[in-house]
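Next come two complexes, and both contain chain A; in the first it sits with chain B, in the second with chain C.
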Partner chain A sequence: MPKFSQTSLLWLLMVVATAAMAALLVTASGDDPRWRTAGLDKAVERELAFQARAAFLQKVYAPVEALLAAGQAQTALLKLDELERSFSGDPHGFILRGEILRDLGVLDRAIANYVRALKLSGDYLEEASPLSRRTEIRHLVDQGLRELVPRARSNPDNRSLAATVGELHYLQSRLAGGCE
Partner chain B sequence: MKRLLLLLLPVVAVAVFSAGCDRIKERPVLRIGYMNCNNERETMERFAPLSRYLSEQVGVTFETIPVDTHEFEERFRAGEFALTHTNSLLYILLKEDAGLKLVAADKRGHYGSRTAGTLIARKGSGIETLEDIRGKRLVFGPMMAPTGYLAQYDLMLQAGIDPERDLGYYAIPAGSFKHEKLIYGVYFGDFDVAAAPALDLEEMTREGKIAADDFVILAQSQIVPYCTFGAAPDLDPVIFAKVRQALLELTPTDTVEIDGERVKVLKAAWVDGFEELLDSDYDPIREMARRVNMPPYQTY
Partner chain C sequence: MNFRDRHLWIVILAGLSLGTLGVLLSVWGNPQNSGICVSCFFENSAGALGLHDNSRMQYLRPELIGFVLGSMGSAALFREFRSRGGSAPLPRLFSGIFLMVGCAVFIGCPIKLVLRLTAGDLTAVAGGIGLVGGVWAGLKTLAGGVHLAPAQTQKGSGLLVPGLFALLLVFLIVRPGFLLFSAASSAAQHAPWLLALAAGLGLGALAQRSRLCVTGGVRDTLLLGHRSPLLYGLFAFVLSAVAVNLATGRFNPTLYGQPGAHLDHLWSFLGMALVGWLSVLIGGCPFRQLIKAGEGDADAGLVAVGMLIGGALVQSWGIAATAAGVPLYGKVAVLAGFIFVFGLSLVQREQEGY
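What follows is the complex of A and B.
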């Protein structure tokens, strides 16, 4: 009986396990209808969850949208404060706050809020998503590059401006497809 | 030889210990004047942890000194404070009159290091626009408050309303918590209109004291810097740089020990963080002060 070291045995076990998995994949894929149904179910479930979330957000944040439509930006911010007591840390709250602050010309705070939202959910960058804010974020980045970057260059020792430019570059990289 | 070493050991230990004590004794003691918002006790509770943190980071012993707004200029001119923490209007006053240097600004609320002044009325009162406030009862915040008095006075002048002639009357509440008092004053109907800082509306809404729908915001000023750290013109530049760095690097998890208890520095100070601003960021307040004829630009 040949003697095997412990390492050799582990290698052998790994090769056997990999071969078994490959065999399973080959036999299970293809025409088996059970796999197709399971995959379909998952896609439906995902879509349902997504639609439900979009509808939920629309309902919860409707008062904020209504105030914005009426031109009452400050009251809309206060309404967001109220909602945050129930939905603390919700990325959609950060998105709306970012939009309001951008419209009020508070670029640094708008950028900070979009960054917080995108770190929590990438849905807002998906072109096809009903939640998509891709265009708005692109415009914000363009505006930031035009207005904030020259200001930061003129004040190279200012760490707060440098931090805001860093956040701007984060948004830019996410638009370019970079991951968290 | 061993005996000699044993005899020398306590002598060396005492020498080392004494040198350490001397170093502590030699540590400079500097005073930070903090503008009282409501009362001295609250100022101490808010800012003693921040002074302790700065002492640890900078290697200087900073003392926390609560200061009333109207005393600030005189005491600063007398050289009492190495650092100041005041509202933005007082920062401008001390800069123009006594060479105060900008260190950093507090960050708090939606607008970060800035906030706005608003004029509010109770929803359903029939006051819907700025024009409706003529002949009405208005309550201001303290006279030196940039977003509780100055910004609103300016808003009215800009809209062609002279607060001295066109209002029924106006008042300033007495005592502490003036900003909250004036918001409640409108809420409970003692006044028709209030000059409320947007930051106080935010805080009170977040705490559930008021609801966003309780008031109509009749007008809002542009956003301007709020609470500000300044430094005396003769402060050692090395200490200045260390203080600024320590403030900018302060995070919500940083703690210090106060009376045997670990305290979160930013939470105690009611601040989200600090930001490095440019002096030109304060120009909108300078313009407001000129239009309203307030210090340091008042003319007679």
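What follows is the complex of A and C.
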């Protein structure tokens, strides 16, 4: 029987382990989808969760949408208040409230609600998302820059106006993108 | 300055490439003003590996892999690969974590700081001043006798981190199911992976040859003035980035509405000051640490591992700043970083009279 030095033995074992790992990966990769992951693909899991959330939001906020479609904005706001007690901190509620207030011409409160929503979820800025409100937010920012910024400049002591302009800049920054 | 010096021109070429590709990678798909950002890329990569659960920050960035493997290839080709390590390993690991804290609070590494400034982002000015101040303070600390223990030759250990990044390259190509990739937001914005990898490999090789480093450039300039070759590399970086930003219509000089930026100037200053100070103590900015790791420096490799851990922590613990500003935990983490720097400096300081 040939004698191996410890170095040769270690090299041999390393080659065997490498070959075994390669063989395992190659033979398991064929038609068996399980080689990629032990369970459900995480991307699929995430997509399922997202779809479930979208369906859930549609169901929960259906009464608000119906009231809006019937032109009852004030009642829709009351309904949102009611829903907020059950789903406190849900960004979709803030988005809807922002939309109603924008349509009612209450620009500062509309901006504040969009900001609250975006701080909780950036999905509303994604063009590809079914929840996307990117275009509406862009229009709101354009309107705000046109109307509020000159007012803030001519009223430098107005703190609430300055705060709204700060929130407007936040929306502007989020629309600009970047890595965060 | 000797303009016939070949090394100087390599440094300038590296600076030009960094500025040009730093902007072009954004044009090709990376987030705005974030064509190259070592800290953002570490946060993305940590997320892709499942180390944090921010579904908007998960993508295995090919550029990071390219930096390390490009540097390793260049070091091997020019016979400069030398496996070494053993210099204050744990302090370096923690330094890597705190580098990420400083970057996350500022929103970007020193390279991104320059890219933000050259795109007209005036909110980055405070970070720039902080970085220079941090480097200056780091130099004062070194002058006061603070030195980490010298590295020693360590057979094989210098291969571990390049090996890890080679494994990440395999993951990037094979895409096993346990990897996570954001479907939306900034991590979903990326240049085509082969292009990004090629850019990373090229920059990694050039940075290895030139020793280009943002904080190193500031440090050498403070020490040597206009005689520092790295100063010219930084000039080339800035000028090329401004030129490409102007050419591609990405130059927008304003304080408000900038992408991935906030108005907490004090914390931008402190975050980058922490990065500058730490970088001087450990011998290079986050980018330079990756390049050194590729050359077989296991100590820099440990900083890279620390940055990967830090990338996960800043997202998981709510440390990272956003356009809304710097969260409380971010501020606390920066202060903890300074406590770490002061403690490290006290412990590693050579006693007077020795």
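Observations
Heads up, the rule we're going with is that the second predicted complex is superposed on the first by the 137 of 180 C-alpha atoms of A that agree within 3 Å, B and C clash if a C-alpha of one lies under 4 Å from a C-alpha of the other, contacts with A are read in each partner's own complex, and residues count from 1 in each chain.
Going forward, contacts are C-beta pairs under 8 Å (C-beta built on N, C-alpha and C of every residue); 3 or more make two chains touch, one makes a residue touch a chain.
Just so it is clear, the model here is predicted, and its values are computed rather than measured.
With chain A as the common reference for superposition, the partners chain B and chain C occupy compatible, non-clashing space. Contacts of A:Leu96 after superposition: neither chain B nor chain C is touched.
Look at A:Leu140: by the touch rule set out above, it reaches neither chain B nor chain C. Once chain A of one complex is fitted onto chain A of the other, the partner contacts of A:Arg85 are limited to chain B, with no touch recorded for chain C. In the superposition on chain A, contact of A:Leu161 is made with chain B only, not with chain C. Of the two partner chains, neither chain B nor chain C is touched by A:Ala152. When the two structures are aligned on the shared chain, A:Leu68 is found in touch with neither chain B nor chain C.
Of the two partner chains placed by superposition, only chain B is touched by A:Leu104; chain C is not. Between chain B and chain C the least C-alpha distance in the superposed model amounts to 16 Å.
Counting contacts as defined above, no chain A residue meets chain B in one complex and chain C in the other. Residues 31-34, 37, 40, 50, 55-56, 107-108, 112, 176-181, 183-186, 189, 256-263, 320-324 of chain C are the ones touching chain A in the complex. The touching residues of chain A, when paired with chain C in their complex, are 36-37, 41-43, 46-47, 50, 115, 119, 122-123, 125-126, 128-129, 166, 169-170, 172-180.
Touching chain A in their complex are the following residues of chain B: 110-112, 114, 116, 118, 198, 201-202, 205-206, 208, 211-213, 215, 217, 220, 223, 248, 275-278.
Those residues of chain A lying in contact with chain B across their complex are 67, 72, 74-75, 77-79, 81-82, 84-85, 97, 101, 104, 106, 108-109, 112, 155, 158-161.
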